[in-house]
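Which chain is which? They are A, B, C, D, E and F, in the order written, and residues in each are numbered from 1.
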């Protein structure tokens, strides 16, 4: 069985940016696991702070919302509660991520891109996800489980793609699962303005997907897409 | 039926750089067509010139060799005899390439990368291949046949990849057809030193392929590879 | 009086990509002139060809639509009818553009970005616009009028920005004139699906504009934007 | 009232690289604050060490010189004394910078560029300045004051610009305040050879400024300039 | 005997940008040849046009000045009079350059860099210089003389280096011949303001040269430099 | 006397990637010192771990092998035993490297390139090597010895060069010492498959070296090469 591991900095990131890929995986019967390094309690919960909520309360709120979204997508979810804004890179946190790799044995990994001038937690999460992946491959690394293979890594789309040097090299057709993505977004009520924003983005990526779909003229008018970048070369038996 | 179109500047280019992809395509039952814009009669026939051969004789020699190599690979071949060193970009030549696109209706296109400081004919061929592909898509372009879809384009590997800004993003497993590639190379006796050079390269790309093959641990020791770059984003239903 | 010159490959390009900048200029009382190198009669008129229209008829149609759109925006428009798909770069065409520069004496120039793997006419137009601008600056260049100053050049946004290496470095607030942009778009009935597409894009660029607007918190919810890239460094007396 | 915040690694950096921008700001009546993370006591005080001075003495010397220069420019100055060569990135130091942001509420931020193979303290200071700016924007970040807006960030010019990937995209006309910049430089007597070096640079950037100044032909012969790079897109209501 | 070939677009380019390299070569006893594709009669002779001179008169003036400068440097000079602003790329002109390569058999080639948004003649000259170099290497290319080896190519420094993506990777010590460079510059009286500008630049590059000179502490205070970029990798027997 | 300092992350890196440069240096009578930050005990000793060996045993094994290889090359070797997978960047470790710089006073430094998505220890070692080099230059840095000059830095070739953005700009002719390199490789019996892999790579770089060797036609058929990138500009008195 294939398995998908999504490493995200904050609790909500996986919903806006990768819910389509997750829903496609679970719809195929694959395992999908979301690993949230933090709840996004400081940096991505402005509304709750403005309403006067306290730190622990906000963490619980974010945890519940993200768990609901994961459930809608058929995915497992785990929170490392490492603290955000700033998310600190430590050997201990990286080691915890290694252990998740060894347990999940992912066949595919999704994470943030390596540049984001609007949010340094995102590249910090990505650097740790990448380092943990390499450590988990080493037989000499002291952690339970078997050494990892070399699962491909895809960066999901950041909020301001061009400013993050994000140039899509994979357009994923998420039309069959877009309803699930929309439902997962609606599990995050504090960011209601994002529901339409990311629906529009899915349409836009869908238009581009059709434009690049080769002679494949049968794609429906309302094709929806998600954009990704590969970190490593694709390995294949067919050019297509 | 799928079809593969390979646009190369000189008669021999497709053998060293894309014979694996061609042989895989024909082995699957796809149509494969090689379009050689020139015979490479001036720029890539040093040995023949040093032996005192004349222009027409050299063209015939190159034509025969390339035709043999194509036959070994199960591919059609066509020569436009546009003249090399320099290969000039003209509207007339581009129009001839458009007509080939309209006839072949390729599902995949292979050509040279866009930078090569060692050989300006290569990027000239690539620019024309790309422009013709776009023109062939326009219903308003006056040429026989139906408007083309948007077939993906892959750049094959140049002789000095790093100097040509060639960063592989697809590694193609050509192990099952490597013998055919070797036989095709042996159809070009004037460049015998290249036979081993490109066999070594296939080994090297095979090692990298295994290193990037994810959890796919069953690849054989002698995996052979060819490297490609995509021009346009990949469109897919599965991240892998 | 300031003046804006927009050099575009096809008749419709200026509407989707720069109508906001044009309307802002004319609303300020500046002169704005659109120079269409072609009508886009072959490459951007698929619907008309499919309806069986002929070349001259299509040119007239496109001319009328673009003229209407320019009128809505308060801009002059001129067509060079140089022929599209492919748009050929010739010294004669460049000379005609030089003469337009010398006549308009633009204080700002807008054109396509220099890379577009989906449409080679666009960078061809940009290269000619840039070369003509430099030629027009030379006192020794034989054309009527005074040598040009060095007007800044902005590239407007292409259809697939990331694939064209388009990284916005200017976000223009077009909220006050968005209605005019919408009306100009509606002058192009054959591309009705683009009306909403470019309205959505203006919203998206508006969201980013607010995100980058510094301490300027008074921007309205429905801020609309257009994105541009500068070719030359900005010259200023204030960092802001 | 607008305010300018300059974050520099060592005590003297702001003088050579940004004194013009500072003097322009204070001449307009804006507040300007210079934040020196260190005194540059180890890495940029070679002369004092060679003269046999001790650490504390050198810090006092550098503090006095930089304070004098700030006074000449009409700017406030604060020293965090974080220790240079190496300047270490710590959460505590970043937190101190956040508090400065919250107090100053800058409308513009200046700092070092992100690459400098000749001095790793410079990019370390820049990374901290950027991270603190983002943290200060979060309502959930626990520090006094209001959440920050999103002030634009400009990188000032490093000593070897090309080697630091510094490509100017803003040329600032500092002609009216160049005398103040020269006086500020003369507050740093240990680096007398730099006075002329940075005067020559200002001339050179002035020549380029005139070359890019559009139709603005009235600039004086001795125009003086400073070069900057933007990190985020410019937000504007006028293309110019 | 070694030989140096300098291919420049206009008559004066070699003086400002490469006179140091030329004087060093001839001082060592090498042959140096300057090939000016045009006189710069339209694009780089503003003063003469403003004085009312005519085309042929201006060409003679530029020819005389450049010939004097070459003589000061001990170099041969040849003019192809191909016409500037614009300098057109034609097979005929490239063929004439091939013949110069075959005659000179250069061991080193200098030319313009490949990008210059301020002057399209410069990259046009560079592209032709590079293509001619490759053609001259082919035994099958029909021109007198022996096939060329593969001389290294260096790009000399453009007027606005950062805007031309010019990142120096070679700093040439021209201290011993700087007086000759100054004298050569003074052969171009119409551009007197450039004499000091390029003297200042030589100082600046000299400062950087010393900064990168390794443990080589014996360089004089007034070291003068010229900056270059390599197109091809350096081949060497010693890393230094 | 010149001296070469090689800073590598793991015990074996210097052999595969820089043994030729080291052997050339010692053959010339220069001092060469290899500084291994770790033994590669966790990340690069898979075979030993699979055979059931323990940590200390593996360290001893790797130490012995690397020491033998250094001896074959005539080089000194020192191990800092800083722990690999992950190799942590700490001020203490950087300080230890500074002290080595001050003792060796290298005229040339070799280390890993700054990007390697397959092994984060490599860029970590490079960043520390570069930072220590700059610290060692400061008279105010508190460590024994004299301030360092500014030795050039070369990055040696990583295992997957294109994926590490490694574009060779120096090709070093190691033909005279290739036998020593092969013997040094054979001191590492656990990685026997690498002996041929790196022999093939030396051939490939040798072919490229000949292709870029200018008019230098006397290079032997079996020329062997190593590829490097420069971090800083080359300083020279002769363009060649």
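We take it that a residue touches a chain if its C-beta (ideal position, glycine included) is under 8 Å from a C-beta of that chain, and two chains touch if they have at least 3 such contacts.
Owing to the predicted nature of the structure, the values given are computational and were not obtained by experimental measurement.
**Q** Using the contact definition given at the top, which chains are in touch with both subunit A and subunit D?
**A** Per touch definition, common to subunit A and subunit D: C, F.
**Q** Once subunit D is fitted to subunit F on CA atoms, what angle does the rotation have, in steps of 5 degrees?
**A** To map subunit D onto subunit F, rotate by about 120 degrees.
**Q** Determine the centre-to-centre distance between subunit D and subunit E, using the mean Cα coordinates as centres, and give it in whole Å.
**A** Whole-Å distance between the two chain centres: 37.
**Q** Would you please write down the residue numbers of subunit E that are in contact with two or more other chains?
**A** Counting only residues that touch two or more other chains, subunit E contributes 118, 163, 168, 208, 211, 232-233.
**Q** Building nodes from the protein chains and edges from chain pairs that touch, which of line, ring, star, complete or other describes the result?
**A** Its topology fits none of the listed shapes; call it other.
**Q** For each chain, which other chains does it touch, given as pairs?
**A** Going through each pair of chains, those in contact are A-B, A-C, A-D, A-F, B-C, B-E, B-F, C-D, C-E, D-E, D-F, E-F.
**Q** Mind listing the subunit A positions that touch subunit F in their complex?
**A** Interface residues on subunit A, with respect to subunit F: 91, 94, 130-131, 134-135, 138-142, 147, 231-233.
**Q** Across the complex, what residues on subunit D touch subunit C?
**A** Counting only subunit D, the residues touching subunit C are 4, 21, 24, 28, 105, 107-108, 110, 148-152, 154, 168-173, 208-209, 211-217, 227-228, 230, 232-240.
**Q** Can you check the complex and tell me which residues of subunit B touch subunit F?
**A** 118, 160-163, 165-168, 197, 200-201, 203-204, 207-208, 211
**Q** Inside the complex, what are the residues of subunit F that reach subunit A?
**A** Result: residues 41-43, 45-46, 49-50, 58, 85-86, 88, 117-120, 163 of subunit F touch subunit A.
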